[in-house]
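Before anything else, here is the set of structures, which you'll find just below.
Two complexes, one shared chain (subunit A), two partners (subunit B, subunit C).
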Partner chain A sequence: MREEKFIKFLFVITAVSILFFCLMPFFYMLVISFSTSWDITSLDKIRFSFSNYIEILKDPSLHCLDYIKNSLIISAVSSFISVFIASLGAYAISRLDFPFKFFLLLFILASSMFPQITIVGYLFKFMNKLHLINTYLALIFPYIAWTLPLSLWIMVSYFSKVPKDLDKAALIDGCNWFQVFIKIILPLSKPGFISAGLLSFLFAFNEFLFALMLTIDYHARTVPVGVALFQGLHGELPWGSIMAFSILSLIPVILITLIFQRYIIQGLTRGGLKE
Partner chain B sequence: MNIKLINLSKTFISPRRRVKAVDNINLEIGKGEFFVILGPSGCGKSTLLNLIAGLEKPSSGEIYFGEKLVASKEKKIFIPPKDRNVAMVFQSYALYPHLNVFENIAFPLRIQKLDKHSIKKEVEKIAEMLEIKDLLFARPSELSGGQKQRVAIARALVRKPSVLLLDEPLSNLDAQLRINARAEIKFLQKELKITTIYVTHDQTEAMSLGDRIAVMNKGKIEQIGSPEDLYKNPKNLFVAKFIGTIPINLIETEILEEDKKLYGLLGDLKIKIPDDKKEFIKEGKIIIGIRPEHLKINPKSADYNILARVKVIEPLGREYLIHIEYKNYTFKVLSLEKISEKEIIVGFNQQDLYFF
Partner chain C sequence: MKTYYKSEIKTALIFLTPLAIFILLFVFIPIIATFINSFFKDITFLNKKFIFLQNYFYLFKDAGFWQSLRFTLLFIIVSVPAEIILGLIFALILNYNIPYRGFIRVCVLLPWVIPAVVSARLWELIYNYSYGLANFLLLKTGLINELVNWLETGFSAFFALIVADVWKTTPFVAIILLAGLQAIPQEIYFQAMIDRANVWQRFSKITLPLLKPILIIALLFRTIDAIRIFDLVYVLTKGGPGGSTTSLSLYAYKYFLSGDFGYASSISIILFLISFIISLLYIKFGKFEQEIL
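Entry: the complex of A and B
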């Protein structure tokens, strides 16, 4: 009995420490964003205020809302297209019989293992030639390419869980292949669809290197780059404003994740574990 | 609609091997006939059904629906399932899990773009017929096996197909339900007069349902005939073994030639081999078959009698299945009476014997 209690105690302590460790930066960020001073070591200087938020929202030259808008649009478009293409590919892979299917899947996965840095120089030249630098498309295309393998793998695992008898039944009931896909496979793989979409969205939202290289200003710059290159109004590093901006840009992501987290968890664990 | 298969073959090719699942099958199924394809698992019966449905393309040969050629490798014709007006019931029922019962049944009609009003009418009509009207708004996951099966049949019948294909539709039901469902399927088929092809590995189902049965083995048809025909005149060992609730007794015997007549030797009992069965003799041996119900205990008169030891008695309810032993041979005997003796006389007649 005592041993059990002790184990439970250890468990709680560990959980709390890990949580503390993970959430500390967020807490720091939150506190700084709502205070007038950024020196957290001298707590007596810290006063609660909205001034940081008001400052970044009021000043259009900081383009905070532009960055957030850019990020949301680029992430949403690229994740939607990525999942759409991936689901078509996954449908073919899960339904058609062709040799070396598994190797194809591995090959696709391998392509996502490339370090981004190896390709970014070429990508810059390429986008420059297409006159796409500093446009949404400059980021949307690479993001689609980068998230496709993951989306494909998730969708394949979902589609192969849909019994083939359902395909057959739908074909006999009068569907063509595309109708089978739309009316049967997609509705049954909704969690997979959502989790693949969310993961792609989060990747695009967090991505830094491509965004840094392929955008120039607020027309296409995304939040991570915006935060990194944040220029204050007063010369010194405006920590308060940076933190306020970070918190602001987190809100949509947190909202989306909260709404769909049920599906993410299902989506990630389902392929391997659950029948 | 009648269906004709001409030299139909299907070979599956994978990097490692090729499997001839359907091997040169010729078959004609009459209009309104209840045709059963019977065979062990892996014999190609489901592939044959898929070929007829249009879910598989033949490797060679032709399929006719009535006068219309629906599939031919040689003439490069292939009509997809949606244009063949076939309906199919699957072993797994294959109900769409995300749709309720109403939408499941309505699915083929929605694909046909029938108007809302007619869809409602048709679905309710068929639901009434199959007594699932109170389930219309349930999800498939909430249904029992028997109910799922009814929904699957309703979905198949709702658009009035010209051919109904059933792929082991009863194997997921428990025994009690299966007998009822069997009768119901037969009744529906007779009522609607739809040409029906029914695939099963269960000979009882095949016997009770089929107007005609084709016994399949290793991609080939071993014998086609009415249930009585298959039971009384099995063409070969495979069919004899496969048909019959309690498997046929098969004994391999040595041959004895005496006065230009041939006998199979069962211990010291000489069993006459008719002249037209001589072709079955191989390497001085022949297989003699007799069905358990044709072995009589303490018969008044019989062509052959043996004194056998009783090994095991299995009560089957109405009957008893008695395992007996005679000179290293074991037989199964079906008897209406219970036996208490250790040794019994068992008799059988020449006309009930099969030779393979």
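Entry: the complex of A and C
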């Protein structure tokens, strides 16, 4: 029993260090965003103030709110469509019998593992030809394609948990495949939709390379590009403003994580490995 | 011989069409186009010219390419094992019955859910030479005697990138491994305790072997992701100092940006081939066949 007590003590100490490691940078970010100076070596200069937030919100040339708005719209639309399309596909894969099914599933799964840089050059030319550069659609289309494999995988794992006798009974009663899909499978797989939708949303919200290549200015630029290209007026970086902008843009993702952590974790573990 | 029903195949086709269109149009056709383009001299405003393997020959002699290939591989070799080991420690803690477990789990998840660019910016400030948190804390605790210029020398910039990446992605590993730990039946541990196995024996003889398949999946998942590292180096070191932290993605991006699409394509195809091989390993070890349907 003494061994058990020692282990417990060791675990608590490690847990505290882990918390410190994970949260310290956030705390630092928060402090800098709310203070007048970012020089922590002279602590007396650091005073609490909203000036960074007021500055980035008041200066229209920074477009901080535009970036956040763009990010929210693009991520919401692409995750919604991704989950819808993935659920159609997942239904076919989990319920219908057709040749090359396994091969098809592998093919789709593999497509999310490729480096984005391999396709971004072509996408740039493609979107340029369609005159879509610097529009929401230029990002929404690739984000849908890029999140489909994970959404599909999550939906397949949820759909295959719905007993097949249920839809057999419905088919005998005269429902067609579409009715079975809408009336039986969908309502029973709500957690799957939430998981897949949240993960797709997070992916789209965080994506950087496509957004960097396919947008030009605040009309379509998303938060990651805005944060990465945030420049000071006089050479030195305005760290207070950058951190304030970062904090503002993190509010949606952090809220989602706090509220829906169960679904995110479920989606991650189902998407990544077998149940 | 399995028999299929025509009506069922037809329905399946209808359900799968939107999915197929998106994946073909925005993933597979671009990859094929990039592959074809890598055989061309394709520079903006100049005439496109077929040069077959010449881009690849040039790659072979390009010191910048070798440097970024070396950095990318070195980054994987150091960061992925560090994340797996640390992730395993996180997962063991989260699996243990300590107070506020749910709260700790959310906190651990936070670094992973934020955009990589935001975390890179945050670490850029932390590593700042004159007023960053890293120098401040290390100096205060006496771990260093003079300020370290983290992002300006090759070795410390590499180290700085690893720490920032470990902070960002260890949560992902931890969550995946935690699911694996929770799938191990508790009775095995009780039995082992009755047999007087100590903590280390229980860990090395029960936990590790049973966790092995999931460890391999986490390892391959992280590797696939680390190969394409872009956001972190783009913001934190911009590939410097002296190109020593330029990843293959960033190297290809620089050529895309300068308008040399042909050469950039050949770099990204090399990157694609490396990750393709690892994806095959993933599919092989993931044992997907058993679990579908």
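In this text, the second predicted complex is superposed on the first by the 254 of 275 C-alpha atoms of A that agree within 3 Å, B and C clash if a C-alpha of one lies under 4 Å from a C-alpha of the other, contacts with A are read in each partner's own complex, and residues count from 1 in each chain.
By definition in this document, a residue touches a chain if its C-beta (ideal position, glycine included) is under 8 Å from a C-beta of that chain, and two chains touch if they have at least 3 such contacts.
All values derive from a computational prediction rather than experimental measurement.
Once the two complexes are overlaid on the shared chain, A:L106 sits against subunit C while remaining clear of subunit B.
Here subunit B and subunit C are compared by how many residues of subunit A each touches, and C touches more. Applying the stated contact rule after C-alpha superposition, one finds that A:F141 touches subunit C and leaves subunit B untouched. In the superposed pair of complexes, A:G240 makes contact with neither subunit B nor subunit C. Looking at the shared chain after the overlay, A:F21 reaches subunit C, while subunit B stays out of its contact range. In the superposed model, A:L209 lies in contact with subunit C only, and not with subunit B. Touch criterion not met for A:P191: it reaches neither subunit B nor subunit C.
After overlaying the two complexes on the shared chain, residue contacts for A:G89 are found with subunit C alone; subunit B is out of touch. Taken together, the two complexes place residues 97, 99 of subunit A in contact with subunit B and also with subunit C. The touching residues of subunit A, when paired with subunit C in their complex, are 3, 7-8, 11-12, 14-15, 18-19, 21-23, 25-26, 28-29, 32, 38-41, 85-86, 88-89, 91-94, 96-99, 102, 104-106, 108-111, 113-126, 141-142, 144-146, 148-149, 152, 156, 160, 177, 181, 202, 205-206, 208-209, 212-213, 223-225, 227-228, 230, 239, 242-243, 246, 249-250, 253-254, 256-258, 261, 264-265, 268-269, 272-275. Residues 2, 4-5, 8-9, 11-13, 15-16, 18-19, 22-23, 25-31, 33-34, 37, 89-90, 93, 96, 98, 104-111, 113-123, 125-126, 128, 130-131, 133, 136, 167, 171-172, 175-176, 179-180, 198-199, 214, 217-218, 221, 224, 227-228, 230-231, 234-235, 248-249, 252-253, 256, 261, 264-265, 268-269, 271-272, 275-276, 278-279, 282-283, 286-293 of subunit C are the ones touching subunit A in the complex. Remark: subunit B residues 14-15, 50, 53-55, 80-82, 86-88, 90-92, 94, 96-98, 107-108, 111-112, 155, 159 touch subunit A in the complex.
Subunit A meets subunit B in the complex at residues 97, 99, 163, 165-166, 168-176, 179, 184, 187-188.
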